[in-house]
Amino acid sequence: MGDQPIWITFIVTFAIMTVLLLSMAYTTWYERKVLARFQDRLGPTRTGKAGLMQPLADAVKLMGKEDLVPDAADRNVFLFAPLITFTTALLSAAVIPWGGTVQIFGTDVNLYPTDINVGALFILATGSIGVYGIILGGWSSGNRYSLLGAIRSAAQVISYELILGFSLVGIFIITGTMSLTDIMFKQHEMLSFGPFEISNWFVLTQPLGFVLFVIAAVAETNRAPFDLPEAESELVAGFMTEYSAMRFALYFLGEYISMIIMSLFAATLFLGGTSGPGADKFWGLGIMWLVLKVMAFLFFYIWLRATLPRFRFDQLMGLAWKVLLPLAILNIVVTAFFRLIGNGQVF
Amino acid sequence: MSWELVFFAVFSAAMLLCGLGVVAFENPVHSAVALVGSFINVAALFVMLGAEFLGVLQIIVYTGAVLVLVLFTIMLIDPTKLPEFYVGAPLQRFASVVVGAILLAEIGVAIITRTALEQIGPHTEAMVQQMGGNVQAIGQVMLSEYALAFEIASLVLTVGVVGAVVIGLPNRMVEPNTVTMSLGHTRGSSDMLAAGPKFESPMNIPAERYTAPVGERTVVMTKDPDAYTHPGETSK
Amino acid sequence: MDLTTNHFLFVSAALFVIGMMGVLTRRNILIIFMCVEMMVAAVGITLVAFSHETATINGQVFFLFALAVAAAESAVGLAIVVALSRQGRAPDVEEMQTLKN
Amino acid sequence: MTDGENQTTQQTLVPTGTGWERELYFDDDLSKHPVVRELRAVFPDDFLDAVRFRNETTIYVNPAKFREIAFYMRDHEKLQVNFLSDLTAVDMLNLRTAPRFDVTAQIYSIPNRIRLRMKASIDDGMSIPSLVPVFNGANWMERECFDMFGIFFEGHPNLRRILLQDDWDEGHPLRKDYPTRGWKDYPVYNKERTIRRTKTRWTGRGV
Amino acid sequence: MEPVKTPFNVMDSTQTEYSGTLMVEDEHELASGERVMTLNMGPQHPSTHGVMRVLLKLDGETVIECDPMIGYLHRGTEKLSETKRYAQIVPWTDRLDYTAAPQNNLGYVLAVEKLLGLNAPERAQYWRVIMVELSRIASHLVWLGTHALDIGALSMSLYTFREREMIMDIFETFCGARLTTNMMEIGGFSRQLPDGLIPQIRNFLRVFPSKLKEYTDLLSANPIWLARTKGVGVITPEAAISYSLTGACLRGSGINYDVRKADPYLVYDQLDFEVPLGQFGDVFDRYLVRVEELRQAHKIVTQALNYIENDDRPMMAYESAYVMPPHMGTMTTAEDMQRHFVWVIKGFSAPVGEVYHAIEHGKGEFGIHIVSDGGSMPYRLRLRTPDYVNLGVLPHMAQGAMLADMVALIGTIDIVLGSVDR
């Protein structure tokens, strides 16, 4: 990996950030269009050619709206809370590798902002700080019901974060490291079964871990069948109800960014980030593969939202603690057992 | 003036400032937020000392879980019930500051006059790197030398969780007829617990009538208006 | 002047003292919980500082266990506070003499 | 021979079949109607009258025994009138003088598929035993009757207005003496053009 | 803590004094000192199908007691109809259950015809059945869409409203209006059928079964839908009868009472269709019953259309004096024009008497009780709307339910506030 002058990392990070922010904006457009196609309608078509200017229009509208703060609210916490979710969601992009170390114009550039050897845990840590955005947002908007909504969605995020962590332990056992770049490169090696060979993606060796990870990721970002806070705003006022204009946009975009990050995370961990035919010849292809995988995951998120009804809160928690957690532990035990056999210590 | 010293100064200053905030803030939620700030800086210090695993763990365990629980408790308890802001009588506050300062001075002296310990352990910087990083080193040591302590810690945690649940369980007023979802059965949960209202049934109907038939649910079709006119005929 | 372990020790001592002051003066039991956790974190820093200096990793492992025990302890503590608050008793240290509910 | 035949048919009025066939319910001679027959036997003085119109039977009962008769018909193993389809009142102010309101209950027997109307006439201010202990469905129907007519139902668990606001102080709208436009004189917004009380547009008759 | 006594228990005849208590007396402090949280599912709420306020008393997540407050959409239809001619009241009935206007029209018109002792010709009766069954499909589709939307399946409402559009176009061709159809007249239909109507209905009948399969594929085997609906909002058969529930709420608990079969009106006795009955009486059973009713309605419309397709008998009972003379006649012959003038201005004077006629509305038994004093205006018109009575069971069903289930409970009773408040 080697060290490289600070300004190169700065350029790489800057590029990654712009790509992320742009893709965040256009995920909103992508979701509205795909959701529309699911529901046999057209989606936004007025703004720009196929509604392509829709994110811009949304941004202008949201900025134009009046940003009111309820008087019962605790002022500075109220203003500060949405920032937490938004920034922590962006922060976790620092560990996701977009490629190895490559030669561009002669100097070698590693296509990842940083590579710390607790990469996966770092993303869990930023996720758990993101919870504060929800709690403080709910508490500071003054009314008792948005507080209750906030507590329920925070409890959901915490219990599913646990399952997220557990579902990754399987991969840590196989690869031995937690740093995402190592995990990604391990998946570049080729497994050969007789005549043909496929790259050793962890989705093949860790199917249960993959399923658990996807369910927990969907729950972590309060999306699709787990979108209780959104329904919450109908019954017990959800934590976002008091927010308006830009603050609400921050929560809203925070949700989309964490959706993209979770897809990136899943792609890197289970689908071998930039691995794919031709990825080793030219680094651009690798990034293209990664983007395609992320698009597939985003489509899956939207597909869930279009079809599945919502869980009830107690079923949601029951599912987490009584069904997914035992499965995660089972997955760990089985992977550990196979690892032992692999090392020949058992037989 | 190495970069490290600058970062260290920034992190520790922020940490101490937030620490003071925890004690000084009137509103408990503000002090909780201050504690989050100080813990993040503590984690930063850990990373500077080469213990990334502990740093990340500190954030996940403390800031992510324990402190959130404290915040939940603060919010669930009605603000009217919280004791009013009281940082001890003026005399007491002044006395505690003085005692604190004296204690700090003593520890300072002890730190300065201590003799630096020499490198006894095998885990030098290079060796840790060769082993694959801080996490692997901790794993190696923890599960070999401290395996017993590891088991006891897990025992303590289980006892803590069970104790917390038993104490905290609210006594329910109306038995909620919640049906837990089990993904195991593709047709949704198969064995229904008696899902009807638990209170005394309106027409004191035998309880078993309430349990939902198991498995696939079908609709009884009839053409004759005189069939199935009495209660309970279709669910036979 | 480069960064020595003493710096870390001094900073953690300061944090520890602040935590101790908080525990002694404040009446709200939840703030006391927070200050206790601050003291544990301070001890953590010293442990890691020494383990860094003596290049052994036992300090870090030890802090790991301390982390686990502190988490369990605060879980039970908070459960007690919630149970008491459900009875209408404020989380106030002076008033909380008996645990009989 | 014909005489004999006539005599026999008149004296022995024993119905040929079991006495509960469906046709008896729709026979124009009300004495054969099983409900009328049973009620005359069990509540001789409370069963006032029975009327047939457009193939429907209406029975008039003494208001005091309203609930007992409903209980009796519901728990009768042959009649099984177990369904209260509707409960409402009619303000008979313009049609007759004596008792003002007619509380009508449309009752139905699901097993026998027989529809029946039970009416009790009460005066303004009199109260009538509520049917809630017999049929839970009567709860909201009686609340609406109270809301619209001001009839008190004894034994109703929670008799208060249901359709109008709780603080509706203008009496009960469905009474005949309540004007369709309501009591308040709504301000006519173009004051200067109206000289005297103008007819309101939509009823045309200033009612 | 003994279980909360249900306020609505029904006693056997021996008990005279009524002991049920409705309101939790002490509003905020319960015996166990627990604070009860009261919550308002306010009038403007996306899933209360119109304007209804539900006051909920909660113990944490579970509903202790629920009190629906209605009357926001009360327009005094019954009072106003006492100053209207019999024929002028038909447009009022569209506004009752605005998702199923033809069925309300039919209920009223049949009651008036029963009072007058008048029967529409057979061809008009068949066309009435076709229009009512199409309207039943439309109102059930509205129910299915909004019910699934409340529980979370977003796209269901768009699929169901796509089919409903086809039915609305059929109504538009038939009577010119999509929602407030006002199509039924006393004595049959006074105008001829538009020519594009039958191909339009044929097209809908061809498309609908595959679309219905699309809905059930999406929901019936979906584990989350099953978890949200099975075992929720249980109504026992005895409670259903006692609360006077009708329609899918009663049949969901397994009681066979369908007015079209119990005492058949129009030509339902000549049509072959089945009545679906549930087994357990929870939200899922009522969902199955209503979906089955959609299939049966499709079967009825097909049969009726096959029978009546190329029939050109008169559609109006012109022989009776109560009926409006034919249009062409009023323009050309003086005698018809004079009769039409008197009919419109003075109306006809109905016979003295009292009549109650019930029809099987999409929501349940829709009964009209007319008291006539011989004038041209009903002395008293009582509208027994099924939603109003079915909503009475919500407090019973909501006890012990979860807060998030309230949305499903309101959806399963299938109410439209227009006909609840009248």
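Should a chain be cited, it is by its letter among A, B, C, D and E, assigned in written order, with residues numbered from 1 in that chain.
The criterion applied here is as follows: a residue touches a chain if its C-beta (ideal position, glycine included) is under 8 Å from a C-beta of that chain, and two chains touch if they have at least 3 such contacts.
Here the structure is a predicted model, which means the values were calculated and not measured.
S.K.: Using the touch definition up top, find the fewest steps from chain B to chain D.
M.R.: Minimum step count, chain B to chain D: 1.
S.K.: Expressed in steps between touching chains, what is the minimal separation of chain A and chain B?
M.R.: 1
S.K.: Could you find the chain whose CA centre sits the greatest distance from that of chain A?
M.R.: Here the answer is chain D, farthest from chain A.
S.K.: Please identify which chain has its centre, taken as the mean of its CA atoms, farthest from the centre of chain C.
M.R.: D
S.K.: Tell me which of B-C and A-E has more C-beta pairs in contact.
M.R.: Of B-C and A-E, more C-beta pairs in contact link B-C.
S.K.: Whole-Å distance, chain A centre to chain E centre, using C-alpha means?
M.R.: Spacing between the chain centres: roughly 47 Å.
S.K.: Let me have the rounded angstrom distance from the C-alpha centre of chain C over to the C-alpha centre of chain D, please.
M.R.: 75
S.K.: Calculate how many whole Å lie between the centre of chain D and the centre of chain E, each centre taken as the average of the chain's C-alpha atoms.
M.R.: 23
S.K.: Go ahead and note the Å separation of the Cα centroids belonging to chain B and chain E.
M.R.: 51
S.K.: I need the residues of chain A touching at least two other chains; which ones are they?
M.R.: Residues 311-312, 314-315 of chain A each touch two or more of the other chains.
S.K.: Which residues of chain D are in contact with two or more other chains?
M.R.: Chain D, residues with two or more chain partners: 110, 113, 136.
S.K.: Can you list the chain E residues in contact with two or more other chains?
M.R.: Expected reply: 8, 10, 34, 61, 224-225, 227, 239, 241-242, 255-257, 262, 396, 402.
S.K.: So in the complex, the part of chain C that touches chain B is made up of which residues?
M.R.: It comes out as residues 1-3, 5-11, 13-15, 17-22, 24-28, 30-31, 33-35, 37-38, 41, 44-45, 48-58, 60-61, 63-65, 67-76, 78-83, 85-86, 88, 90-92, 95.
S.K.: In their complex, what parts of chain E are in touch with chain B?
M.R.: Touch list, chain E to chain B: 1, 3-6, 8-10, 30, 32, 34, 59-64, 221, 223-227, 230-232, 234, 236-239, 241-242, 253-258, 261-262, 272-280, 282, 284-285, 288-289, 292, 396, 399-402.
S.K.: Along chain A, where are the residues that touch chain B in the complex?
M.R.: Interface residues on the chain A side: 74, 77, 116-118, 121-122, 124-125, 127-129, 131-132, 135-136, 139-140, 147, 151, 154-155, 158, 161, 165, 176-179, 311-312, 314-315, 318-319, 322-323.
S.K.: Can you list the chain B residues touching chain D in their complex?
M.R.: Interface residues on chain B, with respect to chain D: 202, 225-226, 229-230.
S.K.: Okay, in this complex, where on chain E does chain A touch?
M.R.: Within the complex, chain E contacts chain A at residues 37, 39, 41, 45-47, 61, 148, 151-155, 158-159, 162, 218-219, 222, 224-225, 227-228, 402-407.
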